[in-house]
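Take a look at the structure below.
Order of writing sets the labels: A, B and C. Residues in every chain begin at 1.
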Amino acid sequence: MNRAGAIVGRIAQIIPTFFLIGVVVFVLARLLPGDAVSAMLGDRATDEAVRRITHQLGLDRSMVAQFLTFIGQAAQGHFGQSLAFRVPVASLISERLPVTLLLTLMATLIAMCMALPLAFVAAMNANRWPDILIRAVFQVGLSSPVFYVGLVLLTVFAAGLRLFPVGGYGEGLPAHLYHLFLPALTLALSFSAVIMRTLRGSILAVLRAEFVDFARAKGLSARVILLRHVLRSAAITTVTLVGLHIGSLLGGAVITESVFAVPGVGRLMVDSIFSRDYPVIQALTLVLAVLVSLTFLATDLLHGWLDPRAGV
Amino acid sequence: MTPTILLNRRATLGGVAALLAFQFGPAPALAATRGGRMVFGRYADSLFLDPVLNDANVDIWVLTNLYDTLLLPTADGQGVQPGLATAYEIADAGRTVLLTLREGVKFSDGTPLTPDDVIFSLDRARDPKAGAWNSLLASIEKVENASGKIAIRLKSPDATIIPALATFNSAILPRRAFEATAGATMEDKAKAFSEKPIGTGPFVMVEWKRGSVMKLKRNPSHWKTAEDGQKLPYLEELEFQIIPDDATRLLKLKAGEIDGTELVPYARVKELQADPTLRMELWPSTRVAYLTMNVRPTLRGAANPLANVKVRQALNHAINKDAVIAVTTLGLGTPMRSFMSSTTPLFSASPLYPYDLAKAKGLLAEAGMAGGFDLTCLTLSGNQDNLNNLTLAQQMWAQIGVRLKIEQVDNATLTARYRAGDFQLRTAAWTNDISDPGQITSYFAYFPNIGSLHSGWQDARVDELYLASQKEIDPAKRAAQYKEIQDTYNAAAPIVYLYETPYPVAFRVKAKGFVQIPLGNNIFEAASIEK
Amino acid sequence: MRLPFPLIAGLGILVLLLLCALLPGAIAPYDPLAFDYTAMLAAPGRAHLFGTDQFGRDLLSRTIHATRIDLQIALFATIGPLLIGGAIGLLVGWFGGLADTLVGRLIDLVQTFPFLVLVIAIVAVLGPGLENMYVAVAIVGWVFYARLMRGEVLVQKHADYIAAARALGYSQPRLMLRHILPNAIRPVLIYLVTDMALAILLGSSLGYLGLGAQPPTPEWGVLIADGKNFFTTAPWMSLFPGLAIVLTGLGFSLTGDGLADLMDVRR
């Protein structure tokens, strides 16, 4: 099978997965205790008001009828109105998705910039003090709760040194990049630790592998060997990890987005869960699933390109 | 204090100079700078800026800045003052309210305010099928144009109609513009209209990114004037930024990126007071914090000790309110002295359940519960104040053998279980929307409304008194009715009384003139940014 | 044999933590739940080495008592996913076929959901508390282990030594358990160590949202979240529990990496 055919095949496989995701998220959202109308109207509403709004929103219809409406709409690419915000779900998501994409991209880049050189140094000095020091420092990053790290970064670099704004998103791309640097760094601190650990391991494996001895025997210097093999292995590792963690990176920045007042989809997702905003929960899950699936596909393709031994 | 249940609020005007002068130095109206932009940090965004169909204080708090009502609450929250109506009179033995509409008022789209707009707005607000607030206007039979005046005909005399006309849901919207808005139903029209609201208020909305930022601009045709005779508002622009995290909001304030912010955690108040670049403001409120008890005889099939009034009294006596105030509010609160706040009209004080462990133990013994029992309290997850209160209650009740279990749930679960009566205790707070004791009483004590806070507590005499009080227009008799209601309710203790707290708001020193009235409304019409 | 220093340090930390978890009463100077209104928000000093919180509770004692809960979280939040995911990965990796395809789809499905959001949703359904967090993490977290295990089994399956063992006529269970498993489990164990630290952090994230350990149980994540409002006035409230998490993470990773290196050398 040629590569294009394989890609088409993969995409065809993904479609039933989306249907399944639709079912799962629909059911899971309905399993949440409480209901959208109670959440919306709050403590003061009378039972009569709750009944009336429930009817208006069509939430008193049978689950099957509601599900068919949802799937029917989703198949046509629209997702109805947000119950809490009373605006089309599509406009909510399109406002916030770019924010999270940019944040994820920046976090990944920062994490790579931190992890690559240091993993290299650590592996070269395995179990000597530079290695131990580097691993300990990354461990601190990995073990610190994000809301606390965020608060410390804000206090020191934003409120204290005035190097960055205290949260928000700004207007225009340069301002976005400026505003997102600290939240991206916060996310990168834990992600880079994951990359660093794995990378260090794979560099060590490369160093121990027989072909390195062979290359040494051929008289190539250690530096050249490393550059050739290690960089490729590093790229593969990073691509794998990004693929593995993309779901969590995209939607999992909930707390970071909260602390830095970044209007991204993570916060929207959790807010929607808390307010039982079913249309937003469903739509956002599907949109994230599409993105994650595309990322999986892209990382697999990259993998194939970087490491010809692995097929698509 | 993330998504607390602070609840709801409404409007006012800049005639607050006296109060401001007393609290925060010179009245802002005297030396206020015109123009400029103020950025105010909010913990959550508004959801639906329609006066009639909104559900929450995130909306009600800011509606005042876009719309006006016929009358406006006074700054102390106890009475009303002229708004879109310059005067009112009560005629026809209390069955008609006649209002004189202010001349020359224009909506932000330039069209003049007419009696037609008033009739339309009040009819929409009192429609029993519309929104959660229509019962405040339930006594209205008809609104009509009586030779230039607005005549509100009542089904029967209504003691609360005057404050109701100063409450957010009776705001006046332009009929033509509203009806010309796209949408099949009134609800759809309201949604579309509130995206670009047109009102008579001091500001107009120019941009709204949900959950992120809302930008308002000065309404040049706003009718109010400052003391120097010039038009209000002072500010050219007002921007609300949504910053959910308390700590981040305060950091932003300290860094000067925002000019003011609401809901300062009590734990931070002292620190902000000590900062010379900031001004910590503590506005008198109608806010009370308490625990609601479920008094039904059985809950989930098990006997409920809270059904016994002596048990409820014992639990109240075992709470050291001063210690709770010291820990949770860091001394900023005051003990509750009735179920309604001391700032509510017709409030009647009593020394409510002084801390007395011996008495509490005695009451439990009388109730046959000397061996103690288990209780479970629902609370909103992640809310630090509630958690502090419960941690204290846990420890205090342990002294009389009562074991308290804390169950944190999210807001939707809390509300649904509350409505279903599926709770034993829950944390709660209340603020009035209207300058009258009727609303809080209808929720706390009058069973037919929502089952007395869904507690199941019912007292026929209290229900009767409440209904009578709604029609009683003799102030002395009404005061007597409310004294009896409060005394009866407080003795029966269907709630655990905690504390009243002010609204903690902080500003940069150069940002002046903000007002928050006891009902909670954020009023920016006289706010300014000084050079 | 001489153990490398990082491993010794890691083991040392774990022993210390274990002592705190087993004998908190003997080590902690105060009752972790006792209020002291005369010493509210006291700074670290002689009477209270780590300071006190807004109720005057001793933070050193609370941090020590929290160790048991947090080690429990590290264990219980990873053991479920490890066993479920490991078993599934081993089986489908070894047998392949339709089951492998289906499980692959399922893994993709679960992985398209953001982890934290899914855990939050499940905890919201089941109700807050640590037990439900374990359930939620087991429902979501097994895929990471299954994916790792399956990948490694696929590599090992075609290794020469397996072909040799097959030729010797060993039974399938014996091949899987005695030969594949010990060789395939190494990356899984390395991941487990990271995951244990992540589990404690997850507990703290849920604590921040009020969905984790319920009061008055002291738990590091909840202690940090409690201190957030006092970040400027009483920074010690968050600092010391935070250091405890870092120390624990360090202990796990040093031990895990050290053991992995040992296994590697032996192999």
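Please note the rule applied: a contact is a pair of C-beta atoms (placed from the backbone, for glycine too) under 8 Å apart; a residue touches a chain by one contact, two chains touch by 3 or more.
This one's a predicted model, so the numbers in the text were calculated from it and none came from an experiment.
A.B. asks: Farthest chain from subunit A, going by mean C-alpha coordinates, please.
C.D. replies: If we average the C-alpha coordinates per chain, B ends up farthest from subunit A.
A.B. asks: Weigh A-C against B-C on C-beta contact pairs and write down the one with more.
C.D. replies: Contact tally favours A-C.
A.B. asks: Please tell me the distance, in whole Å, between the geometric centres of subunit A and subunit B computed from their C-alpha atoms.
C.D. replies: The answer is 39 Å.
A.B. asks: Quick one: report the Å distance separating subunit A from subunit C, using the average Cα coordinate of each chain.
C.D. replies: Roughly 21 Å, centre to centre.
A.B. asks: Using the average of all C-alpha atoms in each chain as its centre, how far is it in Å between subunit B and subunit C?
C.D. replies: Centres of subunit B and subunit C (C-alpha means) sit 45 Å apart.
A.B. asks: Could you list the positions in subunit B whose residues touch two or more of the other chains?
C.D. replies: Correct list: 247, 409-410, 413.
A.B. asks: Which positions in subunit C touch two or more other chains at once?
C.D. replies: 124, 127, 208, 228, 231
A.B. asks: Enumerate the residues of subunit A that touch no fewer than two other chains.
C.D. replies: Expected reply: 32-33, 147, 151, 155, 273-274.
A.B. asks: In their shared complex, at which residues does subunit B touch subunit C?
C.D. replies: Result: residues 246-247, 265, 267-268, 270-271, 323, 326-327, 380-384, 387-388, 390-392, 394-395, 406-410, 413 of subunit B touch subunit C.
A.B. asks: List the residues on subunit C that touch subunit A in their complex, please.
C.D. replies: Listed in rising order, the residues of subunit C that touch subunit A are 4-6, 105, 108-109, 111-117, 120-122, 124-125, 127, 144, 147, 190, 194, 197-198, 200-201, 204-205, 208, 221, 224-225, 228, 231, 238, 242, 245-246, 248-250, 253-254, 257, 261.
A.B. asks: Mind listing the subunit C positions that touch subunit B in their complex?
C.D. replies: By the definition above, subunit C touches subunit B via 33, 35, 37, 40, 54-55, 124, 127-128, 208-211, 214-216, 226, 228-233.
A.B. asks: Given the complex with subunit A, which residues does subunit B contribute to the contact?
C.D. replies: 3, 5, 7-8, 47-48, 55-56, 129, 131-132, 135, 187, 191, 195, 209-212, 241-245, 247-248, 251-252, 254-255, 257, 409-419, 428, 443, 449-450
A.B. asks: In the complex of these two chains, what residues of subunit A are touching subunit B?
C.D. replies: Touching subunit B from subunit A are residues 32-36, 38-47, 49-50, 52, 56, 84-87, 92, 95-96, 147, 151, 154-155, 158-159, 162, 165-169, 258-261, 263, 267-268, 271, 273-276.
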